[in-house]
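Next up, some structures in C-alpha cells.
In the two complexes below, chain A is the common chain; its partner is chain B in one and chain C in the other.
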Partner chain A sequence: KMADEQQETSQGEMESECVNCLAYDEAIMAQQDRIQQEIATSNPLVSDRQDLSVLHGEYAEEDTIYQLKIKDLHKKYSYIRKTRPDGNCFYRAFGFSHLESLLDDSKELQKFKAVAAKSKLDLVNQGFTEFTIEDFHNTFMDLIELCEKQPALAELLGSFNDQSVSDYVVVYLRLLTSGYLQREHTFFHHFIEGGRSVKEFCQQEVEPMSKESDHIHIIALAQALNVPILVEYMDRGEGGTVNHHVFPEGSEPRIFLLYRPGHYDILYK
Partner chain B sequence: MENKYNLKSPAVKRLMKEAAELREPTEHYHAQPLEDNLFEWHFSVRGPPDSDFDGGIYHGRIVLPPEYPMKPPSIILLTPNGRFEVGKKICLSISGHHPETWQPSWSIRTALIAIIGFMPTKGEGAIGSLDYTPEERRALAKKSQDFCCEMCGCSMRTALLALSPNSDHRPADPQAQQLAQQINFKAESSTSGASRDKASETDRQNDGEESSTSGGQNEERVAQAEQIETAPAPAGEAAPVPAAPPTSRPLSPRQRRAQNQNRQQNQPLRRPTFPAFPAAAAQPDGSHTGSAVLIVLLSLALAALVFRRIYLAQEYKFDYEL
Partner chain C sequence: LIAADGQISGNKNTNNLLESVSFLRGPEDTCFEGGVFPAILSFPSDYPLSPPKMKFTCDMFHPNIYPDGRVCISILHAPGDDPMGYESSAERWSPVQSVEKILLSVVSMLAEPNDESGANVDASKMWREDREQFYRLAKQIVRKSLSL
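For the complex of A and B:
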C-alpha cells in the first residue's frame, strides 16, 4: 500500500512538473549525457595497444564459443587496440589504424594525402556546403600533415584522444562515406532497406554522429579512400572459427578490424 | 567580439564563419549573433508563400551549445504564429530536441530553411507544436509584421529584404523542400522521445539507462514511462508528451485543403463556411483550463489518500492502546 501511495505521489509531482514537458525531454537528454560520460571515463577514444589475450578475460571461461574463437584469432593476430563504444568506433578505428600504418610508409602517405586533399572538392561538387565541411576537412588534413613529420606514435594517439579533433575526423570520414554512397547511388540503392533513397539513408544512418556502421558504410569508405579493410567477425555463431571479410572483395587489406556485435576494434598481426 | 572568444575553439571558428555568411539579410531569412554573445542568435524568417503564413515575418532565438556543430542548436520562436509555441524549444529533427539526427555539416542556415519548410506541416501533437486554424494563422501572420524585438532591437518590417515581384518564391531551392520532408518524417516517427536503433550500442545504452535506477531524474523518467503506459489513467491524459492533440483542434488535411480551396475560389462563401472558427480559437485556453482542473482534481485525490492514511494509522494506534 505504501508503495502504491509513493507511486501516486511521484505521479502527482510529475504531473505538475510536466505541465511543461521539456523537463521530461531534458531529463532524458541529461541522462544520455551521463551514460555517454560513464562510457567515456571507462574507455579512451582510442586505447593503447594491448596483448590480444586481454580478450579472454572479457568472456566467461565456460563461454566456449567465444573462448574458441579468441584462440582462433590468436593464430593470425597478436595485439588489439580498443576504441570507445560510442557508435563512431568504425570511423575512429579506421582513421587511426590507417594513419598509424602510414607513419613509416611515406610513399603511401603521399598517395593518401593527394586523395584526401581532392576529396573535399568532390563533396562540394556534389552539393555539400563548403563552409560547413571545410573545418572537418582541414582537421583531417592537419592530421595527415602531422604524420608527414613522423611524430612519435603517442602524438597521433593524443590527437585521436582529443575529443574535438577526433570527432572532427569522424565527421569527415562520415561525409566521405556519405559522398561516395551518393555518387554511386545507382549501385548502392539495392542494398538499402525500408524503401529509403540513398540520400535519405545517408542523412539518417551515415552523417549523424553515433550512427553505427554496417557493410555498406565500410565498403563505401574503403572505396572512397582506396584503403582496403579486412574485418574479422566474432559473434555467437557456431563453428569455433572467426570469419573475415575483405572490403572491397579480393583486394589486399591495409587495415584489420575486429567486429563484435555493435563494435569495432583494431587488430595487429 | 573577436577578442572575447578563443579563436581556436572549433565552435567559435565555425560560428564566426556562419555570422559572416549570414551577415546580409535575404528575402527569406536573416540571422545574426547577439552583440555580446556569439552563442545566442536572433533570426527572422518569412512565412512560406502559398501557405497560411504568407505575409508573416517571424522572429526567434537560436541557442548554440558549446559543442556546436557537434551538437544541434535549440530554436525558440518569439513571434506568435499558430504553428510553434512561443518561447518553447521547437521539436524538429534538426533542433536540440532530436540530437540523434543532427548532422554536423548542417548550419544555422539549414536550421532557418528547415523552420520555413516545416511551418506548413502539421503539428500533430509534437512537443512545442500548435495546430491553429488557417484563419488564426493568417491573422497572426498579418500581426507579425508589427513585432519588434526588445532584445536585438530588430523590427520585422525591416528585418528582411522586400520581396520583389520577380524574386524566387522559395527560400532556397529544392534543398529546403527536401529537408522539410526529411524533417517531417523524422518528427512524426519520434514523437515518443528518443528514437531507437536496431541491434546496437544505443540499445545497450538504453538498457543500461532503464536498469540503473539511481538518481532523481532516473526515477522521474521511470515514473513518466509508467504514466505513458497506463494511458487510461487521468494522469496519462494530462501529460502533454505524445498525447494526441485534444479534441477538435486538428483538421484533417483533406478538410483543410477543402477549406483553402473554398476560400480561394469563392470569396463570398467565406463566412458561412467556417462555423468552427470561434470554437477552435478558444481552444488553446480551453486546454490550459482542462489541465489545471485535472491538476486540482489529482491534488484533491492525493490529499484524500494522505488523510485516509493518517486516519488509518491513528485508528490502528487507538486499537493498540485499547
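For the complex of A and C:
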C-alpha cells in the first residue's frame, strides 16, 4: 500500500512536469498555424494574371543570376499567375491552368470530361473506397461542367479561391496521381528512394495534403489525365538561362509552369 | 460501427462539432491486455481535409499519450503539423484515411509505444529504463478502466 502511494505521488509530480511539454508542443503548433495564416492572408490560392516583370521586384537588383534568368524567361512568356505556397501549389496550378485553357476549346473540354468521368471507376477498381473518393470526384466534375457553360474567367478563379472547392480539387488530383503511380508501379518503383514501395510512397508523399511535388508526381498526373506539362526551372544554377522539361518527354505541352525551389506558378505566353 | 478487431464506437453531436465515442480494447499479450479504454474522436469542420483528434477520457500512462489523454501519433497529423518530428516515413493523415485505420493504429501504438516521440516524457523514460515499473502502472490503469 505504501509502495502504491509512493508511486501515485511520483506519478503526480511527473504529470505536472509533462504539462509543460504539452504546452511546448502546443506552442509549436500554434506558431505553425500563425505562419500558415500569414501565408494565407498575403497570397490568394490562385492570383490574378500579372505581368511577368513583377518577378524582377522579388529579387535584389544585384542578384544577377535571377535577374538574368527572368530576362531569359521574358523571351518566351509575358504573364504569370501565382499560387499560394502551401505545398499544394503544383496541383492547384495544374488544375486551374488546364481548365482555363479549356474555356475556349470545347472539343478538348469534352475529351477531358470523358477522361475525368471515367477516372473514378479506375480508382475504385484499384481499391480506393467509392464513398471516400466520390465527394472529391463530384467537385472536380462540377468544375468541368462549370467550364462547359463558358463562364467569365472570374467565376473559375472564384471557385479556385474558394478554399473547400479548391482543396477538394487538389485532393482529387492527388488521388489521380497516386492511382497512376500505383497502376504503373513496376515502372515507377525504380525512382523511389528509401526502400519504400510505390504504395507507401503514395500514402506518405502523394495523398496527404501539403506534401510537395517532384518530377515523379508531375509525370504521373500528366499521363493520368493525358495533359502534357512544360516546367521552366529557375534556380541558382549558373548559366543565365532557364531550363525546361516537358512531361511526358517529346509531347506538345498544353500548360506551362514556372518552378522555383519549392514552388510552382503558372506561366502564359 | 464495429471495426475489424472489436472496437466499438458511436456518434454524438455536441456543440456543432461531430464527436464519436470509441472503446478500445487493450491489445492481447501486452501490458494493456484486458483494459477497455474510452476515447473521444472529434472531427473538425474541414474533415476529411484535416484529421480528427483523439483523446482518452480515462487515466492513461503511455509514451504517446499526453497526460490530458490526447493521443499523439503520426496518422493524426497533417504533414505540416509536426511538433514531434516524426520520421518522414511515418504514416500521415490524408483525406482517404479512415476512422477504422486510426483505431487500428492507436491499438498498435498501445502495443508498441514509440519512445522517440514522447508526448509523455516520463512514460517514455520509464518505458525505456524501468519496464517492470511501467508494466505495474499499466496494470493499475487496466484495473481502473474496468471498474467504471
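The criterion applied here is as follows: the second predicted complex is superposed on the first by the 248 of 269 C-alpha atoms of A that agree within 3 Å, B and C clash if a C-alpha of one lies under 4 Å from a C-alpha of the other, contacts with A are read in each partner's own complex, and residues count from 1 in each chain.
Here is the rule we use: a residue touches a chain if its C-beta (ideal position, glycine included) is under 8 Å from a C-beta of that chain, and two chains touch if they have at least 3 such contacts.
Since the structure is predicted, the reported quantities are computational estimates derived from the model, not experimental observations.
Peer 1: Looking at the overlay, what does A:143 touch: chain B (first), chain C (second), both, or neither?
Peer 2: Once the two structures are laid over each other on A, A:143 reaches no partner at all.
Peer 1: Determine, under the contact definition given at the top, whether A:103 touches first (chain B), second (chain C), both, or neither.
Peer 2: neither
Peer 1: On the A-aligned overlay, A:194 touches which partner chain: chain B = first, chain C = second, or both, or neither?
Peer 2: A:194: touches chain C, not chain B.
Peer 1: Is A:29 touching anything from chain B or chain C once the two structures are fitted on A? First, second, both or neither.
Peer 2: both
Peer 1: Can A:231 be said to touch chain B (first), chain C (second), both, or neither?
Peer 2: Once the two structures are laid over each other on A, A:231 reaches no partner at all.
Peer 1: Of the partners chain B and chain C, which touch A:157 in the superposed model: first, second, both, neither?
Peer 2: After superposition on chain A, A:157 lies in contact with neither partner.
Peer 1: Between chain B (first) and chain C (second), which, if any, makes contact with A:263: first, second, both or neither?
Peer 2: first
Peer 1: According to the contact criterion defined above, which of chain B and chain C contacts more residues of chain A?
Peer 2: B
Peer 1: Taking the superposition on A as described, I'd like to know which of chain B and chain C A:93 touches: first, second, both or neither.
Peer 2: In the superposition, A:93 contacts neither chain B nor chain C.
Peer 1: What part of chain A is shared between its chain B contacts and its chain C contacts?
Peer 2: 7, 11, 14-15, 17-19, 21-22, 25, 28-29, 32, 36, 87, 128-129, 132-133, 136, 164, 167, 171, 175, 200, 203-204, 207-211
Peer 1: Could you list, by residue number, the parts of chain A that touch chain C in their complex?
Peer 2: 7, 11, 14-15, 17-19, 21-22, 25-26, 28-29, 32, 36, 87, 128-129, 132-133, 136, 164, 167, 171, 174-175, 194, 196, 200, 203-204, 207-211
Peer 1: Spell out the residues on chain C that touch chain A in their complex, using ranges where they run on.
Peer 2: These residues of chain C touch chain A: 46, 48-49, 61, 66-68, 70, 72, 78-81, 83-84, 88-96, 98, 118-122, 133, 136-137.
Peer 1: Report the residues of chain A in contact with chain B in the complex, numbered from low to high.
Peer 2: 5, 7-12, 14-19, 21-25, 27-32, 34-36, 39, 85-87, 127-129, 131-133, 135-136, 164, 167-168, 171, 175, 199-200, 203-204, 207-212, 261-263
Peer 1: Can you list the chain B residues touching chain A in their complex?
Peer 2: These residues of chain B touch chain A: 10, 13-14, 17-18, 21, 69-70, 88-89, 96-97, 99-107, 109, 127, 175, 178, 182, 186, 193-194, 197, 199-202, 204-205, 208-209, 215, 217-221, 223-224, 226-227, 235, 238-241, 291, 294-295, 298-299, 302, 305-306, 309.
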